[in-house]
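For reference, chains read A, B, C and D in written order, and residue numbers begin at 1 within each chain.
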Amino acid sequence: MNTFGRKFKLSIFGESHGEGIGIVIDGTPVGISLKEEDFKADFDRRRSGARGTTPRKEPDLPKILSGVYQGKTTGAPIAVVFQNTNTQSRDYDEIKEIPRPGHADFTANQKYQGFNDPRGGGHFSGRITLGLVAAGFIAKQMLKDVKFDAQVIEVGGSKNIQEKIDEALKQGDSVGGIIECRVSGLPIGLGEPFFDSVESMISHLVFAIPATKGIEFGSGFEAAKMCGSQHNDIILNANGETLTNYAGGINGGITNGNELVFRVAVKPTSSISKTQHSYNQTKNKTEDFQIVGRHDACIALRIPVIIEGVAAIALADLFLMKE
Amino acid sequence: MNTFGRKFKLSIFGESHGEGIGIVIDGTPVGISLKEEDFKADFDRRRSGARGTTPRKEPDLPKILSGVYQGKTTGAPIAVVFQNTNTQSRDYDEIKEIPRPGHADFTANQKYQGFNDPRGGGHFSGRITLGLVAAGFIAKQMLKDVKFDAQVIEVGGSKNIQEKIDEALKQGDSVGGIIECRVSGLPIGLGEPFFDSVESMISHLVFAIPATKGIEFGSGFEAAKMCGSQHNDIILNANGETLTNYAGGINGGITNGNELVFRVAVKPTSSISKTQHSYNQTKNKTEDFQIVGRHDACIALRIPVIIEGVAAIALADLFLMKE
Amino acid sequence: MNTFGRKFKLSIFGESHGEGIGIVIDGTPVGISLKEEDFKADFDRRRSGARGTTPRKEPDLPKILSGVYQGKTTGAPIAVVFQNTNTQSRDYDEIKEIPRPGHADFTANQKYQGFNDPRGGGHFSGRITLGLVAAGFIAKQMLKDVKFDAQVIEVGGSKNIQEKIDEALKQGDSVGGIIECRVSGLPIGLGEPFFDSVESMISHLVFAIPATKGIEFGSGFEAAKMCGSQHNDIILNANGETLTNYAGGINGGITNGNELVFRVAVKPTSSISKTQHSYNQTKNKTEDFQIVGRHDACIALRIPVIIEGVAAIALADLFLMKE
Amino acid sequence: MNTFGRKFKLSIFGESHGEGIGIVIDGTPVGISLKEEDFKADFDRRRSGARGTTPRKEPDLPKILSGVYQGKTTGAPIAVVFQNTNTQSRDYDEIKEIPRPGHADFTANQKYQGFNDPRGGGHFSGRITLGLVAAGFIAKQMLKDVKFDAQVIEVGGSKNIQEKIDEALKQGDSVGGIIECRVSGLPIGLGEPFFDSVESMISHLVFAIPATKGIEFGSGFEAAKMCGSQHNDIILNANGETLTNYAGGINGGITNGNELVFRVAVKPTSSISKTQHSYNQTKNKTEDFQIVGRHDACIALRIPVIIEGVAAIALADLFLMKE
């Protein structure tokens, strides 16, 4: 469903080419400073503009409809809405004919019996994540002493990010990447066993972001190769500081006061200029086809701020649950 | 919190050395055959007994307290309870002194201000996952045409599983592993955007299982190295069958009818016989110490049936949501 | 919190004099016809205009931001937003000084530490119920064979409704009333024991409507005076039709196929023109004061369509739960 | 569904004649003293024994399976289980033939397609409310300064309670009653607009109790007869004390610091010894029949402690939400 959270609750809505998209955020404490322009820095990071990204030219300026009075949060739900202005009317019959490989065209059409809005990916569009960035920004304000830092650390299997992107651009292709997120300054004790571990909450949200394929905390998949004597982080003092951080800042699903570290695998954008081959539903046979328009060569570049956002959302909810 | 699910709802409870543990399962459809002995095969898989596992000698026979009448589910909540019989009274003061590295001792103590039950890991014990296996078994009965198959595919970075375990046993150490789960026979259309994608629901539950460090779907972390032209699975026909399965059976968070594939990284058991070094809270200094008792050399061996269980739970909930 | 429902989920937001108010409705099935003008008849009933009501002059035309494509619901969340246009800037310092008796001024101020939006009652304004009417209208479309009919049956203890209202108007006072709601054509079997009985779900929503003080189903408070031999509705046939309907269409929390009947007590509007006496926080003493502006003499007149709406919402959610 | 609560969460289960019934309570703060015998006083009140009640002879001693260690709550879920010992095997075929008027026999059978446990009312039995009393007791411990007092104030329309009960007993009949609950010592500010008002939360739970037909807060249905100038409670001082208490301690869904007052209408027990007339499903005609066994002449006598319990549960949840 389109809601998430126990005490810091989100309801997300919208389609890429509909009237607007947005999010309703319930449970924000009172008295937090909030203006529409505050979101700008985070939105700009999502929009990117770096080589390899194709930002839609929309201003992405949100409108706060409720929950803020005289520049401060009131405790009532905050509705943040974005108008969709740059929606070209286009022929989407082609998508109906050839469900794009790697996209939700086929599954959405089956699930919603053809009633879903197909324009620009509809409710499955990456544009919907703007709401996560907005909610994430508010969550960050709730966790004032916590520092979030997500970065693309690898693209196409290489640390030489720009090279890999240029290659993809030249080919009319796209390329995947890995994002690492580090969160420091967290209090000890966030996370609710049994089901709402820190990892459960963060991964739940990360896999709501289109194009994510994997997540690992601390040692992650490397842990599978290690021995316990090596993997057990030696505790150094009463604050719980550890010598190593294979745990990634979490024990038993609960923050231990060390840096929270996780990595997310992002697949190559499914929309590419290159000629592809797939099934044509009208002709009932496979055939070559091309997707027109400009595309992100590396969608991973635009996702770090969304990853920070969902980490902040999960941790803010757990913070309120703990209080 | 200790509840999960929208329509197929779980409430889990219990501590390793308390009176008993269990789970309440709400939302099961009527008329499903269920007897206490039906759980046995799945419980036996969790108990293992293979070299490298140290099953507690408990019978693990559950008692169904409610929700079943004349051998069929009634539609009322099913409470499944396991008595804790093999609980030796032991001195847990040592844990209070030296929080075990890699365990939840330190975080639980901080979070619950010392009121948590420390015996055998208390509510953080792997024993609590028995309830997941029970609920997973019921979920499997709800999805009669679906086949779940989880296996350990790698231990200590090697396909030669037994060798790696023997090595760890000899050293009084432990070793991690990777579990792969394959689910076939799924209908198209399970998964609820935006927040309750198939990946979100499964990962949420997987990270409730102690010792899990990572999860990836389909191509997973390999996707980060790939190009879109390679990663996009070519659709072959009207049923949505694809030539490759990098998507792992999911597009846009929704099952596409192909095999669902995911892998889980499991860390090496934190309890090892080998001498360790960590912080002693009473003495306020680090020191060498040893954890007595017999331990699992490779906890990953016991987790596949739990992984199948949580996959079944997530998919059963999504199945009921879709109806 | 500002969310409600299991499978038909609502998130409500807004303040009386903020940018706008609205509701996000998740879980609506696909393919239901919906246009902005469809809401009009229900909104008009809420606006009333009868003697004794003081409709704000706003058009109350909603904007559907999402979830509808080519005039049909898509299965994605439906966001319905109302702009606040007729908001006069006024001095609300007086409210801060003298919390209006019968209003939420005092409690809201205490709860939100003075950060709540006080203009026009803020998030506590009756205007927020517009969202319930919108969601209720959609719920009614989901239950096509069900007929909802709510009416004011009594005002000021009298069936002579207009007389009582005229009296109140003359005095600059207000007066309470009783609304009866009848729902026919319901399938047998809606309602989820133990906690989500039909009565639980409807009463939960009814008490979200400002000014409601009581609810009773079927025989209601009269049942307390009756004997079992009298109160037990004799079942007449295999369809469950009963000779009498003291049960009000519900047994064990579940619809029995007979007419669902409940009544709601509405208090007299708290805002009156008459001079009142209450506590002045600045002067720290009680004093006489007056509330300026025009008020509803009988708010009960505007509530029947909201009552129908919440009944439809509760029953639509239970309908989806049952499927 | 069988769960309730946001932060203080309940999962209830069991059938009257199954293995056992119980409740899982999640969200209890740490460090609250709790022993099995502590519940006794509240259970005894529910069992009653007064003339007009027919307590089943079961000991009703609960077993705490989890969540308590060394006599204190641990923060983990508390599972409280009651064995069903006094379950006579009886022929329930008669119920299948003649669904008892006023009972859930007909609706349960339809809803669960005949798979429900019919013995002793199954999951619809009043016995399930034992779990509410247990959870209510724990909730009361969380609200140490709050005093709960519920009493039967009227039976059969008369204050002369015993007389009305004796009359019913003599006739082999039953009689309804009204319970009033007063809660004092509440902090200002409990209750969450929009949907989780104090009245919404309490009424939701009250209507989960079998036999309840109505609820009113403060002035309740009398409010419908009153004028605003009369109904508005004059605030007297900075603490929010009011001269009158028509509001019943709640404004805008939020506690105002005055006594919380509500009344609940309870119908006459549906099970009576007197000959009744209803539909026989096998013979497909109506006929006279009698329900054997001893019955409560006035079930209202046993409900006050349950009413206190659900009020405590609702307020404890709102208390945790506010923190």
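Following the convention adopted for this analysis, a residue touches a chain if its C-beta (ideal position, glycine included) is under 8 Å from a C-beta of that chain, and two chains touch if they have at least 3 such contacts.
None of the values given here were measured: they were computed from a predicted structure.
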Distance-maximising chain from chain A - centres being C-alpha averages: D
Chain centre separation (chain B, chain C; CA means) in Å: 45
Length of the line joining the C-alpha centres of chain B and chain D, rounded to whole Å: 37
Centroid distance [mean C-alpha coordinates] between chain B and chain A, Å: 25
Touching two or more other chains - residue numbers and ranges from chain A: 1-3, 6-7, 12, 76, 111, 123, 193, 321
Topology of the chain contact graph, where touching chains are joined (line, ring, star, complete, other): complete
Partner chain C, residues of chain A touching it in the complex: 1-3, 7, 9, 11-15, 18-22, 24, 26-27, 30-31, 63-67, 69, 72-79, 81, 111-113, 115-117, 122-123
Parts of chain B lying in touch with chain C, wherever the complex brings them together: 6-7, 76, 193, 321, 323
Contact set on chain A toward chain B in their complex: 1-4, 6, 10, 12, 99-108, 110-111, 123-124, 128, 154-157, 168, 171, 173-178, 188-189, 191-197, 199-201, 203-208, 210, 212-238, 240, 242, 246-248, 250-256, 265-272, 274, 276-279, 281, 284, 286, 300, 321-322
